[in-house]
């Protein structure tokens, strides 16, 4: 895979190359060149299969990381193409024309992360959630436990004690 | 969550926000050329509230209760992971048919609704609808811990914690996942209740209909059905 | 009058329904020629809790849209607020029918990122658990294909033997459906006494079942009539639609992680996954039938080769505050449905930053199913779904 | 013909016996099917309990007048066949209202129930009901073809349209049954019988995992009770019809029970081990072998 | 169409004659497997309520509910399980520190009331409590946390047996983090620690490699971490929940690790004590021992002007004069003490209360007085011959060693006593013998048998490694004197120390005798207090227990309101009690001066 990475690095603005396993590498590419790189890999480097497309929310850095994981059906290697996109203006070029199943991933990302892919088919339709009017739930700043407790009110009547605090209150309350 | 909260706040609900296009009011050109106004929410759905049908007493009712208990028709709606343990019950190892429990494919012909585990909000909407379509007397068996207090998914934004706030439950079965035997024990318990005339949760649902509906609509924002679609 | 055309069994439908420029069928619902039917979620012909929005013209489907989300629990979100060890019970429930690959890919991802080497015995036991899981699900899904055509008998037989395999699971792991056996770092117990003997007895039943189901289903004229030629997946769809596992092997493309990226002890085992080229429902079902035999053979090989005792778990940091350095990985294994993978990102804290599970159903049940159902008869929907082995909880997680 | 009240009461008694036998037969068949699968199956008395339960449900909601009438029509179909069918040969009490042209009437009644069902289920508004009905009607039309051909064949053979006469013509021993005297017609009829009883591979009407569960999707409670009552009667009546036409009739209730059981078992025997056809496959199937057999049966006797 | 394809399915009918394979009585015929994960069982007697089960439960299904009053090492809480949450993963069983929590193989629980599914296993009786089968923690090397302690490196016995160099090397960062990783953060140790230190918190700080936070946690309750980290009696380790099935955590070494990592010049920055607001109240402290120093530290941090009166020429009290250097180097003592002094504490060395200045005078000059004078007097066994001049008290000897005075070291020595002080003197003298004679010839004995010896186990082991003979379980009878010089000690076997009522009443077998030769006898059977500085009229206002101990209230206030006492004279003897007393007395003094009401002296 080393040759491939050299080739990519010479053609595209990439960084942060990691060879995770023998058959698995990750590389970061600039947002503008992402789709060209993915297309290049698909058409010229035999990475014809899309294993997955997903996002990681780096809330602290204010970016979403999109990972296009492609696989090569001939030598069974995989390459993960990372793209950092701005969290406040989460829009990415759609690549539904490359793979038939890409639009499903893009619909999910749109719904769960709020990342828009203009032009992707059925992108506006609900995918998993129905009637969701809150923040996209996979974003890091969405607190699922708080939401669940407020919305679905767990059964009351339970309370717990911390051993150290309880022992303090019973054994040496004044110290 | 007091049950005397028997008032219905319609103004809270922003029905239009999620109304599906096919449920919008529209005018339709009939084959004869006339124009017909259609309001699907009124025209396509049943508008009656469920009624309380007081159980009678006496030997006849006892006999009927016995028959109801011995002929449990279960709706084949696997709402959660618990549905994986339904097929073993219909197959040789456990064979629930010998206890008079049978599967039905349509809610209209079912008496027992096995809520098999967690309910996502999206499924809850369908489950309520299926439940309301079932003929009374009808029973709900809540299978698994998730129906009792959220179970594994207590902190999930998409699954309910307590089933009893949305649907009246007759029998709970703890477990994750409960063995098929536990489900059989649940059926046995339900039979016991029916024979004793204590399984009247369908009437409880009708009595506290507004309370249940308020709870349901609090979380099902995309209601998209008339209130009384029973 | 073209008599030949009149008596043609399967009329040429390649131009019907008419497709628009965007690849969507042109459908005018107000023409009264089309009917919209929702199949599921409450429908016996749906594999699990999902639904299909079918537009039919007569008995023929002209457009299909998969709707999922009925089983969405937000695992990936929940795991972001659980410690690594706490992800372990959570992760299993992603695909209920075959829980062990879930356990394995989580453990593999954590071990890969934390740099933990799993002991030899534990690796053998993991291989055994994975193959047993494949066996139990194939005992359901092989005759299940007949079930979609209303041949419920094989399903009854298969499910009985599956229950016996689940008994073995209960002995080995303590759980019937949720085994929670492949824990990060190792496994949770050695083989109990007499396990191999009881397993061998069950495997004999499976051998018998393999012959019986061959007689009942695969040599059944009606089954052949219905399944052959149904929902053919051309070879060039494999990559564009993302087709995995037995479904791809039925189209003549070798897709089996056990062979392409041997994990655990698969490199030491002797097996050859079955491939064929017909690529219809019958071929896919037949591939699974061959897989069933392969699995039985593999379990026998594993039980013969595995050591009797040994360490079952590698030493890990205290699980209550286990931190894993920043990194990302993609780990996969072969489930009965195909490549089952997990993409995990860690940020150095004691909880995963992001977990993404990718099951074959994600592509099979969405893009591929929507495409295959066009021009299919409404009666064949369930059969096509089952032949793609869709498992809704792994789509929406 | 005897129209006395006594006759009517005997017929009612016969109906009662047929109803109960029908239910026992259905539970027995299910138990046999369960045995092949390796389990016990429902208790033999389960159909009675189910029936009591169905009639005792508290909710009855209707989608309109035809929704009410549908099950009644369906019941009329079953009872109609029974009424004009001689059950036990040579016994005036059990010959019901059989008359010289009853064969034609019975063929009509066979279709009558299906039509009634179509009207009622259509009113239910369920798209699956509609699909089930269209399947049912098209399949039944093709079932009728070999069936009618076979009936015509034996009508020509025995030169009568009276079932009693046909039964009478078969008396005189095992070898005088139509089964032996007209095997082609019997074959055509027995194959079409597979469709009439609605077991696999011809159970397309109710097809649970395709169109759950077809026409009766919306039916519940008493309506469903009526449908199931009809089912029990219809199965025995149809089996008795075939028994009368091809298997020498019955000299006693015992003989009737044995023969109807075996005839019904034939459809179970096939249905247990075969999957279901698609509708066009089913239609084509009936129009091939059974129809050809039926045509041959007629040609032979022409 | 192939005719075979029509006929072969009918072969299925051959099964019709077979018996069904159904489980006949599903409720009884098929109990859960041996390892089945069913409902919880808990051995409430073995359970200590540590709450690790609650911590690991990803479903928040487990609550800790009160079961009994807490005692040292048992929080008195027991897990209560909500089966509306439980997912039967049994991680709680695997993580249980006492192995008390198990699962039964019972799996059926059906109820009509959803609130019924909460229960406390072992407390609420259930059908399956007697069920032997079910999930237990897997055997073998299956542990969720390390059970083996990270070995502390010691000087090799041969290296240390002739020198007073500190023998414990201390943890490296990796070792400390590995050891800290074993902690399950239950917090049970906190109650047992007399000073109630935030043990889990500072261990967590080590794990997070946040030494500064660790130091801050230490100084919340303990201003002598360097000292405590070396010589604390670590009662916390005896109740450590990990200790129930493995080695307890080395809490003491971890504390030392934190203190060792921080150079003394950074203390003020880390602890934010560069600027302290002063008020005009003055406090006098008698004795610069652990309790006095602790009280001084907290009082000075509260803004008081503190003056310590110390009778010797260096601060530290017993820590300096009672503990040999190989266990507690003087640099470590100085590091802690210098920090406290640097906060503005005034110390007057060589000033003895009663002799140089009276207590009454202190009371007049200062707003409050704290006394932590400790136990300095040796105690005699009183056996025949113990009044010989070659029979010494260990306290005197240890002090002399520290002060560098010339002392007599005989060729053969017998030590009477089995406590830590006895071990200290034994090991010190063994070293000196080694230097002087080339080999150690010293024997120590105690009334208690080896398993109940009061000395720390490791002290005994190390003493033996260094060549001393430790022979416990003997009662000294008499010292044989020949020509005014002891020749040895007569002992008889001692079988038990206490009678049924718990009173001290040693039972000896007089016929099992031993004679241990030794020309020098050291008595080390405890120490006494010297309260001579308190005048008789003063004492009238104070309360004393029947056994002669001063009685104080919870804040160590004596009957004389401005006079507080603490340390070994009240509780102990050990360092950590002194620290605890000092801290609490400081709070008490603060309250007293500010006029906040607290419970008056008993």
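Each chain carries a letter (A, B, C, D and E) given by its place in the written order, and its residues are counted from 1.
Note that in this section a residue touches a chain if its C-beta (ideal position, glycine included) is under 8 Å from a C-beta of that chain, and two chains touch if they have at least 3 such contacts.
Nothing here was measured: the structure is a model prediction, and the numbers come from that model.
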{"item": "Partner chains shared by chain A and chain E (touch criterion as defined above)", "value": "B, C"}
{"item": "Both-way neighbours, i.e. chains that touch chain B and touch chain A", "value": "C, E"}
{"item": "Between A-C and D-E, the pair with more C-beta contacts", "value": "A-C"}
{"item": "Central chain (distance from its CA mean to the mean of all protein CA atoms)", "value": "C"}
{"item": "Farthest chain relative to chain E (centres taken as mean CA coordinates)", "value": "D"}
{"item": "Chain centre separation (chain B, chain D; CA means) in Å", "value": "36"}
{"item": "Centre distance in Å when chain A and chain D are each reduced to the mean of their C-alpha atoms", "value": "60"}
{"item": "Where chain C and chain E are represented by their mean Cα positions, the distance between them in whole Å", "value": "56"}
{"item": "For chain C paired with chain D, centre-to-centre distance based on mean C-alpha positions, whole Å", "value": "42"}
{"item": "Shared-contact residues (touching 2 or more other chains) in chain D", "value": "34, 36-40, 208-209, 212, 272-274"}
{"item": "Residues of chain E touching at least two other chains", "value": "9, 12, 20-22, 32, 58, 82, 84, 87-88, 114"}
{"item": "Residues of chain A engaged with two or more neighbouring chains", "value": "129-130, 137, 142, 144-145, 155"}
{"item": "Chain-to-chain touches, reported pairwise for every pair that qualifies", "value": "A-B, A-C, A-E, B-C, B-D, B-E, C-D, C-E, D-E"}
{"item": "Of all residues in chain D, those that touch chain B in their complex", "value": "30, 34, 37-43, 46, 49-50, 52-53, 56-61, 208-209, 212-213, 216-221, 224"}
{"item": "Residues of chain C that touch chain E when the two form their complex", "value": "82-83, 85-90, 153, 160, 167, 170-175, 178, 180, 186, 188-190, 192, 212, 215-217, 219-221, 224, 311-313, 315-321"}
{"item": "List of chain A residues in touch with chain E within their complex", "value": "155, 157-168, 170-172, 174-175"}
{"item": "Contact footprint of chain D on chain C as seen in their complex", "value": "9, 35, 37, 43-45, 59, 146-153, 156-157, 160, 216, 220, 222-223, 225-226, 377-382"}
{"item": "For the chain E and chain D complex, residues of the former touching the latter", "value": "9-10, 12-13, 15-18, 20-22"}
